[in-house]
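Note that chain A is present in both complexes that follow, paired respectively with chain B and with chain C.
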Partner chain A sequence: MVQVTSRPDETVEGARPETGASPAPDAAGLGRARAAGFLVPSMVLILLFLVLPAAWTIYLGVTNYRLTGLAAAHPEVVGLDNYTTALGDERFRTSLLLTLQFVLGSAVIGQAGLGFAIAFALRDRRGPLRRVVEAFVLLSWILPSSVVAFLWIALLDRDAGALNVLLHTPGTAWLLDHPMLSIIIFNTWRGTAFSMMLYAAALENVPRSHLETARLAGASTAQQLRDVVFPRIRGHMLTNLLLISLWTFNDFTPFLITAGGPEQRSEILAVYVYKVALSGGELGFGAAISFLMLLINLVIALIYLRMLGRRKERA
Partner chain B sequence: MSAITLRELTKVYPNGVRALDALDLEIADGEFFALLGPSGCGKTTLLRTIAGLELASGGSVRIGDRAVTNLPPGQRDVAMVFQDYALFPHMTVRDNIAYPLRIKKVGRAARQDKAASTADELGLSALLDRRPGQLSGGQQQRVALARAMACHPQVFLLDEPLSNLDARLRLEARTFLKRLQRELGVTTVFVTHDQAEALALADRIAVMEGGRIRQVGTPTEVFRRPANTFVAGFIGSTPMNLVPARAHGDELAVAGVRLPVPEEARGRLADAEDVVYGVRPEYLDYSPEPAPGALTGRVVVVENLGSFSLVSLDLPGDDDTTSVQVVVPEGREPQPGDTGWVVPRPGRSLIYRDGELVTGAAAPPVPAPRTGVGADA
Partner chain C sequence: MSAVADRARTDDAARAAARHMLARIGRYVFLCLVLAFFALPLLWLATAPFDDTPTIGISLPRFTLDNFRTLLDNPYALTSLVNSVWLAGGTALLVVVFAALAAYALSRVRVPGRDALLYGLLLLSSIVTGTATMVPLFELAFRLNLIDSRLGVILVLTGGLLPAAIFILKDFMDATPTSYEESARVFGASPLQIMRHIVVPVVRPGLATVGVWAVANVWGNFLVPFLLLRGPDKAPAAVIMYTLYTEGGQADLRLLSTFSLLYSLPVALMFVFVSSRYGFRFHGGIKR
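Presenting the complex of A and B:
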């Protein structure tokens, strides 16, 4: 405190004795109360829009709450019934399997693979070609879902679809015959931009001299990727896979194209929850499945984070 | 045999920059060769074109008896050490050294043995299991050298080998490099912008400017007898004094003083021809007393450089900007403001006409490139 260090004669002349404000441990000297005042608004928002709905979902998951009917007025707590029903339900398990296919196919293989391929192919290019490719890839990312869904239905339509005209295969019902393949390719097309941009930035970090050392040793492109590029951008790859896996896992856009059909053959979890909870009105059951999805998301995130952590330890 | 022969080598970048301009050069087998020049002179492009990292726009590159002009870098049998060493951070020192052998599909045991023995030669045995991030700059450089040596290339290419080391380590590494090259006897080309480095290390130096070679010679030749005023100004820790002069028969009028025309230029100058008189500060003797055949002027600056001082004198003349610098041994420095005399040592003055050396000899005598060295290796 200031008074302690100042000499007695100075405090007399200064005539400004310190008032008894509480000693502030913070650098800004705000004091605990005022510092808390700055935090409260955002805490309230987080509580209101994140914590409460989450808690509400967890609560709903253990009730038989419905949109309509008797249970809508007087929901009853049914314990873990919803969870046991879901885990025992063939439709849920099929949906989970389809979701994993969707994530693996469109995010891990499709978006990350294609995104890296484009970024690597364009790494040394500057000028119009690169800008045009990047603009088109970005365009598919920033267009609104509804517009994009309309474009893809127009592309894949059985009777007047552009693809059938191009391939001279009139009458092929792509969305009915290959619903999963359709939405996997669709989501790859839609989300590649993010991976491409992230990898393009990551590749800038690979020193030219390292690639050239490998070339001088006679390394092929595949060997250069294995020995120089991938070890260097591993962190970027894991971060990218984590993000696009979670986004794809929770993606609802495929509903706009196949609506989960035909016969639930493209009913990924996000679509399943929507159908059960909102179309079917079983809010309690839907909430339980949402919570299960949250847990699966957490597991995916933990796996990636563990891999990232191990990488840091080894480095 | 791994001499390097460049014929009419030209490199034009897509943006129109002509980095190499019809360049001819021969580097002998086993030679330690420096490419020296200011930044942007094309020296690094030349090194990278020899390596195959840049493709020549015209001309040819031969290594030994093979034409390699259009071969990819991996098939040229050259190894390059980059300025930043380019060690792979995720591999141990052992794996880094063995990397070229791994690409050449040498068995695991064989390449690890080779890595260990190469590391042993360079005093790296204790570091084999470390990662590059755990090494000092000097150690990293030796690992990079070991990686280059491990696959016994015909040619070593070094890009600014000493520039990433601090001043003290640089001297150590310089001695180490010269000794290593002598023992291995492998043709080695290195790029540097530091003339002292080139003089100290190389058997021969090519001084480059604007994509062309301005002079090729031994360190002694380029230091004592620069072929043109560019080399004269670039080589030497203090640039050569270049003073305007006019020929009068067998004499030169330099800053109001008559000096004899140097032997080799005698009879080659027209009367009243304007030339440039060049003499290194190291080849001038300072005298506080008037001396015959001396230039005279007023001392303006005295710079202490340890065991000697660099003294600048303003010479009288039409334009008062003409000055000369002279090296004065310690204990004999004049004071600024004094009047002093400087005497050129016989046989060390040069005459330049239009920037080129006026000389009788068609080309300075080139000693035969060193061959058959490394008998002890």
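Presenting the complex of A and C:
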């Protein structure tokens, strides 16, 4: 839902003091009290609709709360039952595995790989080809998700879909035969724009003279990438991988295309939670799964912070 | 210089030129494939709305504008777009106003632990997306009597967007000099006056950025209104679009295609506007 541009400890304009302090202490004579007043509306909404739900997930996860029936009126604390049930549940483990495939396939390999390849291929181009390619890549990123979901349903349609016409494979039901592959390619298409733009900005930091020197010394493209480009944009790559992994992990759009089907073969965690908790009414169990998702998100973020920290130490 | 060495050098040069040529061709082929991959799914959106017998496939349309009449016949199509405008406008307004106040306070007054707070909230907002917290969000809305209420959707979306908005705006505020504010203060302006007459005009590009970004986010958001709104009369276009192709048997492709186009148009126009005015790329916003 939220797209983040950069981290707080980064200088964006480049002109800010190194200490990270405000430009001048309280130029408008705001005072602590009024400053706090300015903060209140935002903080109330953030606490209520962001922090509280996160905390509530933890509580709900240890109850047998249901949408309807006896347990709806008097939920009981059942301890870690939901978690043991989930971890022992075949459907949950399959869903977790599918989610990992989805993140690795569509975010790490698909979006980051393709995004970098496009940015690298366009790096020293100006003119119409670059603008057209960028426009289409960006368009697939900004259109509303329920529209692009239908566009892909139409594209992959069994009878008259454009893909079957193009590949001369009439009657192939891509969404039924290869549901995971379909949503992985869909999500690659959907999200590559972010990686492309980020890498395009990153590549401008690589001095052209260095690439030129490497090329004259007879380095192949692969060698240039490994020795000149990648070391310089490692920070960008990590930031990008963190963000797109988190977004992909939590993405609900595949629900609009396959709804987890057929037979739960594309049921990633986001869809699984929805089905269990809100269609199935098992709110407590759903909250437990949600909490596990939050934990996985946190682990992804921590791994990234660690890698970034190690990079800074070395530098 | 011996003839052998000379020939070796010309061989090398020829080989390098050939390799260069191949690389160029490879790059063109790659870019054309990329273009095809990204354009192919979008073609339907360009042809079907204007085809007098739209199909699920792509064909050269026999041009007509009659399809757009189906929009008027459907009871929910146009109202859902109005609903989307309400949700997007309301959320953007709240996000811009609240984030501007908070960002100004955080930028100008030293609050202990400010950076850690911002960083924590930002991380939380990218982790706690609607998906992982849909159960408590639903539960919370239920207890606050915000189920089937537009205000509920707006508040939930605002809460989710605020951390990143505050962060973006704080950068803008930090970059503006405080001398205007100081002189206004000397002349006795109150903090709110300073905010309205000095700070807001100076950071207007930042406010516009955050506003556009919030509108685009809400316009396409499916999950939150899908969770919190009951019945089609309050549903925004994102939800109506989904019901158009999942409910009621055979989908009406005339309606579906024209509605998709109309619903996509505002974000496409916004994108054209932003990219022509500011250039749609990261200006080193993400540094190492």
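We adopt the following convention: the second predicted complex is superposed on the first by the 278 of 315 C-alpha atoms of A that agree within 3 Å, B and C clash if a C-alpha of one lies under 4 Å from a C-alpha of the other, contacts with A are read in each partner's own complex, and residues count from 1 in each chain.
As a working rule, contacts are C-beta pairs under 8 Å (C-beta built on N, C-alpha and C of every residue); 3 or more make two chains touch, one makes a residue touch a chain.
Since we're looking at a predicted model, the values are computed, not measured.
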A:270 in the overlay: touching chain B, chain C, both, or neither? Say first, second, both or neither.
second
Under the stated touch criterion, which partner chain does A:30 make contact with: chain B (first), chain C (second), both, or neither?
second
Given the touch rule stated above, what does A:176 touch, chain B (first), chain C (second), both, or neither?
neither
Across chain A, the partner (chain B or chain C) reaching more residues is C
Once the structures are superposed on A, label A:108 by its partner contacts, choosing first (chain B), second (chain C), both or neither.
neither
Using the superposition on A, tell me which residues of chain A are in contact with chain B and, in the other complex, with chain C.
none
Would you mind writing out the residues of chain B in touch with chain A in their complex?
51-53, 72-75, 78-80, 82-84, 86, 88-90, 99-100, 103-104, 133, 147, 151
Could you please specify the touching residues of chain C with respect to chain A in the complex?
23, 27, 30-31, 34-35, 37-45, 55-58, 94, 97-99, 101-102, 104-111, 115, 118-119, 121-140, 155-164, 166-168, 171, 174-179, 181-182, 184-185, 191, 194-195, 199, 213, 216-217, 219-224, 227, 237-239, 241-242, 245, 256, 260, 263-264, 267-268, 271, 275, 280-288
Contacting residues of chain A [partner chain C, same complex]:
1-16, 20-32, 34-36, 38-39, 41-43, 45-46, 48-54, 56-57, 60, 114, 117-118, 121-122, 129, 132-133, 136-140, 142-155, 157, 159-163, 165-166, 189, 192, 197-198, 200-202, 204-205, 221, 234-236, 239, 243, 246-247, 250-253, 256, 270, 273-274, 277-278, 283, 286-287, 290, 293-294, 297-298, 301
So, in the complex, the side of chain A touching chain B is made of residues 207, 209-210, 212-219, 223, 227-228, 231-232, 315
